[in-house]
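My structure is below; once you've seen it, I'll send some questions.
Should a chain be cited, it is by its letter among A, B, C, D, E and F, assigned in written order, with residues numbered from 1 in that chain.
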Amino acid sequence: VKLLLINANTSVAITDLVAREARASALPGTEILAVTSDFGPRIISSRTENAIAMHASVDLAARHHEGCDAVVIAVSLDTGLSAVRELLSIPVVGMTEAALHTACMLGARFGLISVGARMAPVYRELVESHGLERRLAGIIIIDVEAHEAYQQPERAGGLLLAAMQELAERHDAEAVVLAGAALTGLARKLQPSVAFPVLDGVACAVHQAELLVRLGTTTSHTKCVHGRESVGLSEGLAGLLRGRSE
Amino acid sequence: VKLLLINANTSVAITDLVAREARASALPGTEILAVTSDFGPRIISSRTENAIAMHASVDLAARHHEGCDAVVIAVSLDTGLSAVRELLSIPVVGMTEAALHTACMLGARFGLISVGARMAPVYRELVESHGLERRLAGIIIIDVEAHEAYQQPERAGGLLLAAMQELAERHDAEAVVLAGAALTGLARKLQPSVAFPVLDGVACAVHQAELLVRLGTTTSHTKCVHGRESVGLSEGLAGLLRGRSE
Amino acid sequence: VKLLLINANTSVAITDLVAREARASALPGTEILAVTSDFGPRIISSRTENAIAMHASVDLAARHHEGCDAVVIAVSLDTGLSAVRELLSIPVVGMTEAALHTACMLGARFGLISVGARMAPVYRELVESHGLERRLAGIIIIDVEAHEAYQQPERAGGLLLAAMQELAERHDAEAVVLAGAALTGLARKLQPSVAFPVLDGVACAVHQAELLVRLGTTTSHTKCVHGRESVGLSEGLAGLLRGRSE
Amino acid sequence: VKLLLINANTSVAITDLVAREARASALPGTEILAVTSDFGPRIISSRTENAIAMHASVDLAARHHEGCDAVVIAVSLDTGLSAVRELLSIPVVGMTEAALHTACMLGARFGLISVGARMAPVYRELVESHGLERRLAGIIIIDVEAHEAYQQPERAGGLLLAAMQELAERHDAEAVVLAGAALTGLARKLQPSVAFPVLDGVACAVHQAELLVRLGTTTSHTKCVHGRESVGLSEGLAGLLRGRSE
Amino acid sequence: VKLLLINANTSVAITDLVAREARASALPGTEILAVTSDFGPRIISSRTENAIAMHASVDLAARHHEGCDAVVIAVSLDTGLSAVRELLSIPVVGMTEAALHTACMLGARFGLISVGARMAPVYRELVESHGLERRLAGIIIIDVEAHEAYQQPERAGGLLLAAMQELAERHDAEAVVLAGAALTGLARKLQPSVAFPVLDGVACAVHQAELLVRLGTTTSHTKCVHGRESVGLSEGLAGLLRGRSE
Amino acid sequence: VKLLLINANTSVAITDLVAREARASALPGTEILAVTSDFGPRIISSRTENAIAMHASVDLAARHHEGCDAVVIAVSLDTGLSAVRELLSIPVVGMTEAALHTACMLGARFGLISVGARMAPVYRELVESHGLERRLAGIIIIDVEAHEAYQQPERAGGLLLAAMQELAERHDAEAVVLAGAALTGLARKLQPSVAFPVLDGVACAVHQAELLVRLGTTTSHTKCVHGRESVGLSEGLAGLLRGRSE
């Protein structure tokens, strides 16, 4: 199994971080091809940057999916998820999407924790776009910038633990999702400290992508994009829009 | 990995059917322990029978979970799911639950097909109880009784194909879930005939249960049942309610 | 009019408590047949116990409904309500269901108060299963165990009053439902202390059951269960599933 | 028990019709005081007329509630319901409100049938205003004007039966509400022809009002209107707004 | 363009206040005809008064719409909005409706601030009746009576600023609507103090009404009320219900 | 007033079409600056193309907003709307957004008509993303490709009329929105043929943008993007993300 791991940010450091977690999570024999966008925001942390990075996400998918069995969108806003899913016939999974659905199979309601001032409403809309708002116990944004989170994991860890307890005790969350590529790997470290499941988006997405490949599923062909003209896009993307040969 | 496959019906034939599919779906090395209730309805196909079988589901889980890594509820109404999840600390997955969440990762909206007159509102309520009604494209009940479906798979197959096409074309379903233990295995046969994913509850649940085990998750301990007195229950169930030692 | 009052717990003390309130509430001439389960949890206060007690509820209904005009489910989780309703053709009312619908006819939004740590999400799901979440102002769980509530009514009373005021003042509740068989009878005592209606599930259910009998209604025959085989159930329940003669 | 039955239409013939049904439904000893508006539409069958009649409803309540134990709003749009409920401290029940909540205690989902072209969206909004849209199976408007319905009950009866069957068979309704003062009394006649409950708004409202009186409930005092100045209203209404002495 | 500005209260002082704001907001060449009800509550601040004033609103519309191009309902509960819209074929806009839809075009979620104890649930229901509850960040009722708000604008101003900050910071509101005729004009004064849009209902409604006139739209003719008999209404209203000649 | 009209497609013919309608709709004195993307899809008619065009939309906004008073997104999927709104402090309006909110002020529920096979679920999600699904009567996709619609307006016209009648008569729509840049201008032609309002996205958006400018509103500054690093973007966009000077 070969998975394409798309980082629609332009930060190679984040790609390395998520690729490491992906490889640690994957089944033996799963190969991870991690790619980084060559245009767009350093770290997506606003609606504007997310919109720009949707192009990046689709572009990376078009250029690198050949030979891959599934795609993981390794951005916590699931940037470009439905667009890439429509474009390709192999399975495509978003990291927060995967964590939310996995959380639903572990308890009645989940909490979500992330970083970045003003991101609470954006994550709420993401949960709504997945149709899962009735399973949402609450969202807490901890007071750490994305880049600090993986540079100073100790400080982030303390804030995360407090937020997790609040979600469990005051909001009846039975599972907690850590959303944010910058928080990758922290779930593993913090899990022993709490009595409920803590989920990492990258780990969940890698597992779910492997699962979809092993199930032998494709995405729906009824919605194929083809014969579409475009201007000024990368050759890979333009070609895929023009006609699909897979 | 050892999975406990609970058939809360009292029909061994159905247990055999779902166990066969479970074993065909499982990773090499996964062991399937399939158990059948010794009391309750032959085949659950009404709200009344489902309520009775909830006791059976909890009872089987209490008596047989020792040494298992996860539980699969192999009844299409996910009979007793939240009750078993609360009782145990290992992951517990319902077969329709698993198929619905898997379907959500393959397309925007899913259709559901099942058997049994008057079951449409019951399945609608099941989808609502999972909080997934906004992802539901439609439900079609084909005119076949549960026991006929696996005895005369050809007739069921034709009706299923027609229902799948209707869900895709008229209701914009991008994936279809075949719900009903009696339909187990038909997804595999029918998939080549359609251009969108067709999901089998047992296969999805086995995969999702394996995934949760590999992720290392438990269910939330914050909700533990213990120190509960009861009367007239099986020793296994009464003991587990009284005090948990796992 | 003869009402079957089902206590799906195995605590005769609770049956006595609810039967006393039922008789105090009933019209002159209404006879109350109160029955207690002979298997299952002492006091239902978790999802697991509720699932077990669904069997008990259906079993009691099957064995004792003959000659009754309606059934009251005297468990605050409305344990087995839709299952018993499907099984019988006489009206079946749940105690919390009755209180919620009665509350809706008294004010715009209702609050709900109950006992038992971790029960808030379970009651929220109960309100949702009745489709009444838009009328819900809030849920407060007071810090008293079920058995303490009717053994130490004074302490419970103080906590209940504070919770009621909070629901009215901060959540705009215009009526409050006391949910929990263990709280039976307290509404009557506390009503004089507050300026909004306080509803008791047993009282509401007895009144609503009498009302449905006087209206001459039955439940829908279109959904009848019959000709269903089973194993190891009580004779009364197995016989009713096999064929209905009423 | 004395019930004030408010007809906010100006048609005495309709008042007589609903009063007859109310008396046929009431407990022995219940007195029905039926009043008709002296201003406003002959028969409310549009949003505009309903808005005008809200004033009429409040006015009748203010002028005639003295000495009554509860109020029934005998207009199928529950005209002025929340306004009258806020004004008085005795219970106030709307005829469609009562039928909808009663239907909820008889089956999973209800259908609603009424008369009057273009009224379907108005009834849908009424169901939504009661927060019961998740329990609504469907609405059918039969092709009969309001005044014809009670003048030619045979023709209406045939159309109603067909509509009821459609709601039960195609929309899974387990109970049907006949909404429209003009349909009063037809439920009783048609019930024997169908296998599911058929509910009459006036009958349900009289029963529910008696129930609320016997429960000893009042509406919430926390929302009292008093000390309010007005111009050009009836003495009864202006006086009640100015200061309440009950 | 000539706009009919309906004040369904009987307070000329409020009519003057809203008319002043309307004229300050209107395009050059727009004429404002402001009318005050001659019956009903002085200041609508309860459900009961709102119901009475619906008649007033419809009555004023019927009597004064001739020669006007659009109607503005200048009461913050949008009193009689759907009724007047059904009655006339010219556009009809409610002041809070206009502010809410305008707010939706400025940010993801809006907050609403108003006056009058116990009005929070009434405004919540108003937002729900417009189908906009998913865009609602929160409602705050400041502790000022309606008449004080425009008599002591300084005190109201301080409370409004605090409420606005709370809605923006704690509830993620990206725009705030000041609801209440008595708050008219304060948005303009407070806007410079905050970093997000503050909307005035009258200003928004005048602008939206002008817009609908310039777009050349009418309301739907499919829902016309005509040929309706009535008793005791003003000649203008009775005539319009009887037959429409516009 | 100067409006920036963004066509995130790369088809100048469509820009010309929408600019013509925009100029025909605008107030005297309003200047329209219409810009076309220099990269991306010819005509957006899939989720994939929409995602790519979000980048284009943001890029055009960044490069051309200087000196403009408001922005109109002239793509019927409101491509990049929330991203551009977050980026700029001047008002930003989407063409379908504007039409939907305008429709809400004209009638209870709206219908939506568009072109392009498989676009129904995409428009449903668009309506949901605006939180307006409760106001949606229905969506009809007519069987015409986008480019045919404005090349063969007669054929499209016939199909549109039939769809409009169906939405009004069978789905109770009281207003209809024509969504799709390719349908621009047809509302004007078809309005005389029907008895309910027909709305054009471009016309509505131009009017709403002018309205927001005249109201003096800005978008919320609390959500500002600034100090954001990026790679490989246009100078205009990169500069705006880096630091805002407006």
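Assume a contact is a pair of C-beta atoms (placed from the backbone, for glycine too) under 8 Å apart; a residue touches a chain by one contact, two chains touch by 3 or more.
Predicted, not measured: the structure shown is a model, and the values here were computed from it.
Visitor: Would you mind naming the chains that touch chain B and likewise touch chain D?
Guide: For chain B paired with chain D, the chains in contact with each are C, F, in label order.
Visitor: Counting one step per pair of touching chains, how far is chain C from chain B at the shortest?
Guide: Minimum number of steps from chain B to chain C: 1.
Visitor: Would you kindly tell me how far, in whole Å, the mean C-alpha position of chain E lies from that of chain D?
Guide: About 29 Å separates the centre of chain D from that of chain E.
Visitor: For chain A and chain D, let me know how many angstrom lie between their CA-based centres, rounded off.
Guide: Roughly 52 Å, centre to centre.
Visitor: Spell out, as numbers or ranges, the residues of chain F touching 2 or more other chains.
Guide: If we look for residues of chain F contacting two or more partner chains, we find 82, 85, 108, 118, 125, 134, 222-223.
Visitor: So which chains actually touch one another? I want all the pairs, not just one.
Guide: Here the touching pairs of chains are A-B, A-C, A-E, A-F, B-C, B-D, B-F, C-D, C-E, D-E, D-F, E-F.
Visitor: Within their complex, state which residues of chain D touch chain F.
Guide: By the definition above, chain D touches chain F via 118, 120-121, 125, 128.
Visitor: Okay, in this complex, where on chain F does chain D touch?
Guide: 108-109, 134, 172
Visitor: Under the stated contact criterion, what part of chain E meets chain D in this complex?
Guide: Listed in rising order, the residues are 10, 37-42, 45-52, 54-59, 80, 82-87, 118, 125, 129, 222-223, 225, 228-233, 237, 241.
Visitor: Can you name the residues of chain F that touch chain E in the complex?
Guide: 25, 27, 82, 85, 91, 93, 97-98, 101-102, 104-108, 130-135, 168, 174-175, 191, 195-197, 199, 203-204, 207-208, 211-212, 214-223
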